[in-house]
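Both complexes below contain chain A, partnered by chain B and then by chain C.
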Partner chain A sequence: MRREPARGLLQHLPVIFPGLMLTVFFIVPFGTMVMVSFFRRQPGGFYVPDFVLANYARFLTPFFGNVLAFSLYLAVAVAVVSLVIAVPFTYLIARAPRQTQVIWLVALLSILSLSEVIIGFAWSTLLSRTAGITNLLVWLGLMGAPQALVPGFSAVLTGMVYQAMPYAVLVLYPSMVRLDPTLTEAARTLGASPLKAFFTVVLPALRTTLIATLIMAFIFALGSYLLPQILGRPSHWTLSVLITDQALYQSNMPFAAAMAVFLVLVSLALVTLTMFAGKKLEA
Partner chain B sequence: MDRLFSRLYLALVGIFLAAPIVVVTGVSFNEKQNLAFPPQGFSLHWFAEIFVNPEWFRALIASVLLAVTSAALAVVIALPLAWFLWRRIAPWAQVFQLLGVAPFTLPPVITALGFLTFWATSGFYGQAWTAVIAHAIFFVTLPLVTLTLGFSSIDRSLTEAAATMGADDRTVFRTVVLPLILPYVVSGYAFAFVLSLNEYIVAYMTIGFVRETLPIKVFNALRYGYTPTMAAVSVLFVAVTAAVFGLIARFGDLPRLMGALSSKD
Partner chain C sequence: MNDVDLEVPNGRFVCLLGPSGCGKTTLLRMIAGLDLPTTGTISIDGEDITRLPTHKRNLGMVFQSLALFPHLTVGGNIAYALRIRGLSREEQASRVEELLTLVHLPGYGDRPVSKLSGGQRQRVAIARALAVSPRLFLLDEPLSALDAKLREAMQVELRQLQQQLGITTIVVTHDQREAMTMADTVIVMQSGEIRQAASPVEIYRKPTDAFVADFIGSTNLIDIGRDGDRAVLLGRPSAVVMPYGVSKATLSVRPEDVELTAPSPDLPEATITFVRDLGGAIEFFLDAGGTQVVAVTSPRARPQVTVGDRVGLRLDPARSVVLTR
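After this line comes the complex of A and B, so read on.
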């Protein structure tokens, strides 16, 4: 059955329900949020309709500047570390037998689907004093006494890499698994070591994918809302944590909404950049 | 040498991925209410607690209900859309596909806050069904992606043959299309189910002050200190999540769902 243009109401019927749902429950809430970002906060209550730019003006305060700078810094660090771990890892599993691939994919998908609450709790346990990894080091005689590694910057970084690495692998996987094996075979025949073939053939062939993955992992890390809170100190809070905090605990929805709008713009700009970079590299 | 090196690398990543889960599993078997690893004594008490303690049990039921219904709604939204995009030439309808993928690509806080302002403004804040709709929209991406993949894998000459023999759209859908895409419906549902079960922030911002799902309950408990039930719940989550993906892998072509070419190609 060939594809045909839809004619009349009846043939459009299937698209009406999904279209309506997505419009009413995605576009409208999104619009509501943008609207609220211009409202005035009512101390003790919710907010009153208005058109003020005060919520956006708060972006100019040093406090917001610090949170923003730290969020970007942390997201870059998480994206880079995740990519560095994920690239060789994905390359290796993509070359493994299909059965082995399936096992790794199940493991990665499971971790990726786990609640941030669970991941945060699991890492805070692993890095705790009483049940944590330092006990192992003490037992091995490498350390004098067990100590807590939470809260701290490295704990936040580790937890977020744990979450973002499987994501990076799954973004990389399609390109890696479809990569023509004759490419590396040719390089090997010409005398390159496997490592050299990896660096001079595989990575350049995938540069578009690598950049795209880096940016996707960056956006993913920007979205982490709980790990900095569970594993870090208040100085490690990111934009996402701040938005949650302002909306729920400080009851300042207009400011939270303004920050969310800002976060959308940053993410969209990055997605556009990814597509642009992809086009330019392919050309 | 190369093989050794690559095995070592895979093993190290494997340990990194497994370590927190291993420790939490150990902790959940502790006999007393303390955070210790390796566990002191062995007890399944904290697992029983999830089902015996009314607060935890209520959260469990709320989570399962939410996941079952929202995943179903997500499929109901995605299926006609994916079918329409496959069956009809309608470039404008791509907009809806883009909308379906957007909430999943953007940071989750954005969707969550969008729903919070929306339900608060419309006056439905705190109703249980608001979370069902929120999760369905948030996770509609997954069935949409698996179904789009499923439709694209249908050989059009099959449906053409059916149409030539006089079957109308409805009959073709029921007798040819649906059996072929059923695995993709199931995997799309399963993906949405698992993610909804684990989801925290959207659920928290829509119903969090009125009701507790399991992730919300764990987080709230975390703020007041430690109880081993949290570890038991975490183990339960890991087990259910891995089981669902294991089933998808057992009955479907997981590498293909994740973007590899079909094993038959």
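After this line comes the complex of A and C, so read on.
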């Protein structure tokens, strides 16, 4: 069907409004950041307009390379672990009676109302030697002596997965509920065990949603800067932590902006790659 | 679901027919193992499969929603059962092509299922269910998504396919025409029970109760009383024999077996209230002393009567059934 070209302000509004929002809330701030990333820093915390590459050159060192690699590694780990837990979890919820579904979803949503700081300190207590869950294991006779699980990589991972999981479930839930339950039944009549049907029918049928969830959890984890500080050692600090540090405590805005721009570019590249891989899988 | 005792001989085409909620789909799902019966057993070829999981039953099933896998092509859908069983790619490909030819879709293997028409999707679902030569072919309202013309054509095609393969088939349907077209045996169900199981013609000619008589085709159900060993029909004595031991019964007469004649003292009389001329058949709605009777004639045998005329009704005792329950 051919549509008449839009005329006048009113007919253009559906395009103008989102465009305006995108400009005000994304393009302008991001553009400012890109500009600042080329500015020259002055001792004492200020910066002057300029065009220098010094800020970018500064993180072409093994130290920043390692931090970037660790940040990406952590974000991928969080995304994968969240997905691996969220998929069976959501699948079971989606198959449960309506009442049960509501209870679980409300419980998950309540996690979203917790601030990152509260989640961080709750987990650091739960994983501590004096008051943590290892005491419970000792009491049950499964462990000899209570241990401190924090700070450490697993603690950072646990906290971030805990935080990313509700989002992953919320992205997965609508597609899981809409998935025709007779697809699994059909697979079973064709000779697939329930588990095999899950892997050969349910997951492939949902692969677009799975990729979307993976990307969302990845980006979510990439931006996290509090949990690595609360639950990890300095070696577990991500690029986001360093950006915060440079921007807020070292007052080095141009360098923080340069790192942020770099992080955005790297994650965009990874997301594009994932979507491309997803398309390839589809064909 | 209560007290259902059903035996399907090998190679037969059986239709489970009934109104929605009568338990026909539940019965089919129990045979497939998707629902479990609380008591009783299900066996195939003498082997008890009541507790055997669905994927080990070696069945082919077509679902009402068709349940084609959206992420696979036509060929991928059909080959699914073969892939699960670990057949080689070459074996899969040749079997897929064979099945596509069987359902008249040769060369469609590489198309995505979303690009198919309703009838084509139907054929793919049938081919997929038949891929591993199942011992039982189950179809749950398989044609309900198709438009009327296509549905009629598919009924004939499905029946021919079943005869060609000689596969034992059970179809669930609520469409009595569909059941009459395809089945060797029609099983009429109501509220979880089997009301009658017989050949289509026998079900039509000799229904065992008023529900079956009314559900299969259309019929006139007329209350009759006893006078000696004959029945009193619409206030006149008739040639219909009353069965032993009942004083009241219901007579089922198909509309095409009601003949309109000139009024006569020994025939029941009725007034024509409405005439529906459908071109291929003409329906006369009659009022016989408060009982509504419908008569159908072909245009060639049309009696010259109109609304308001009084006519005599001639009912052939040999073509009517006395129902005592």
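Note that the second predicted complex is superposed on the first by the 234 of 283 C-alpha atoms of A that agree within 3 Å, B and C clash if a C-alpha of one lies under 4 Å from a C-alpha of the other, contacts with A are read in each partner's own complex, and residues count from 1 in each chain.
Assume a residue touches a chain if its C-beta (ideal position, glycine included) is under 8 Å from a C-beta of that chain, and two chains touch if they have at least 3 such contacts.
If you're wondering where the values come from, they're calculated on a predicted model, not measured in any experiment.
Asks: Between chain B and chain C, whom does A:V84 touch in the aligned arrangement: first, second, both, or neither?
Replies: Touch status of A:V84: no partner.
Asks: Contacts for A:A69 in the overlay, against chain B (first) and chain C (second): which applies, first, second, both or neither?
Replies: neither
Asks: Determine, for the superposed model, which of the two partners chain B and chain C contacts more residues of chain A.
Replies: The partner making contact with more of chain A's residues is B.
Asks: Does the superposition put A:I243 against chain B (first), chain C (second), both, or neither?
Replies: first
Asks: Thinking of the overlay built on chain A, is A:N135 touched by chain B (first), by chain C (second), by both, or by neither?
Replies: first
Asks: Would you check which partner chain A:F30 touches, where first means chain B only, second means chain C only, and both and neither mean what they say?
Replies: In the superposition, A:F30 contacts chain B only.
Asks: Is A:V48 touching the first partner chain B, the second partner chain C, both, or neither of them?
Replies: neither
Asks: Between chain B (first) and chain C (second), which, if any, makes contact with A:G223: first, second, both or neither?
Replies: A:G223 contacts chain B only, not chain C.
Asks: Under the contact rule defined above, give the chain A residues that sit at the interface with chain B and also at the interface with chain C.
Replies: 194
Asks: Can you name the residues of chain A that touch chain B in the complex?
Replies: These residues of chain A touch chain B: 1-6, 11, 14-15, 17-19, 21-23, 25-30, 32-33, 35-36, 46, 85, 88-89, 92-93, 98, 101-102, 105-111, 113-123, 125-126, 128, 130-133, 135, 162, 165-166, 170, 173-174, 177-178, 194, 219, 222-223, 225-226, 230, 240, 243-244, 247-248, 253, 256-257, 260, 263-264, 267, 271.
Asks: Where on chain B is chain A touching in the complex?
Replies: Result: residues 2, 6, 9-10, 13-14, 16-17, 19-21, 23-24, 26-27, 34-37, 76-78, 80-81, 83-84, 86-90, 93, 96, 99-100, 102-103, 105-118, 120-121, 133-134, 136-137, 140, 156, 159-160, 162-163, 172, 194-195, 198-201, 204-205, 208, 215-216, 218-219, 222, 230-231, 233-234, 237-238, 241-242, 245-246, 249, 254-255, 258-261, 263 of chain B touch chain A.
Asks: Which part of chain C faces chain A closely enough to touch in the complex?
Replies: Where chain C meets chain A, its residues are 32-34, 53-61, 63-65, 67, 69-72, 80-81, 84-85, 128-129, 131-132, 138.
Asks: Provide the residue numbers of chain A that touch chain C in the complex, in ascending order.
Replies: Per the stated touch rule, the residues are 180, 182-183, 185-194, 196-197, 200-201, 204-205, 207, 282.
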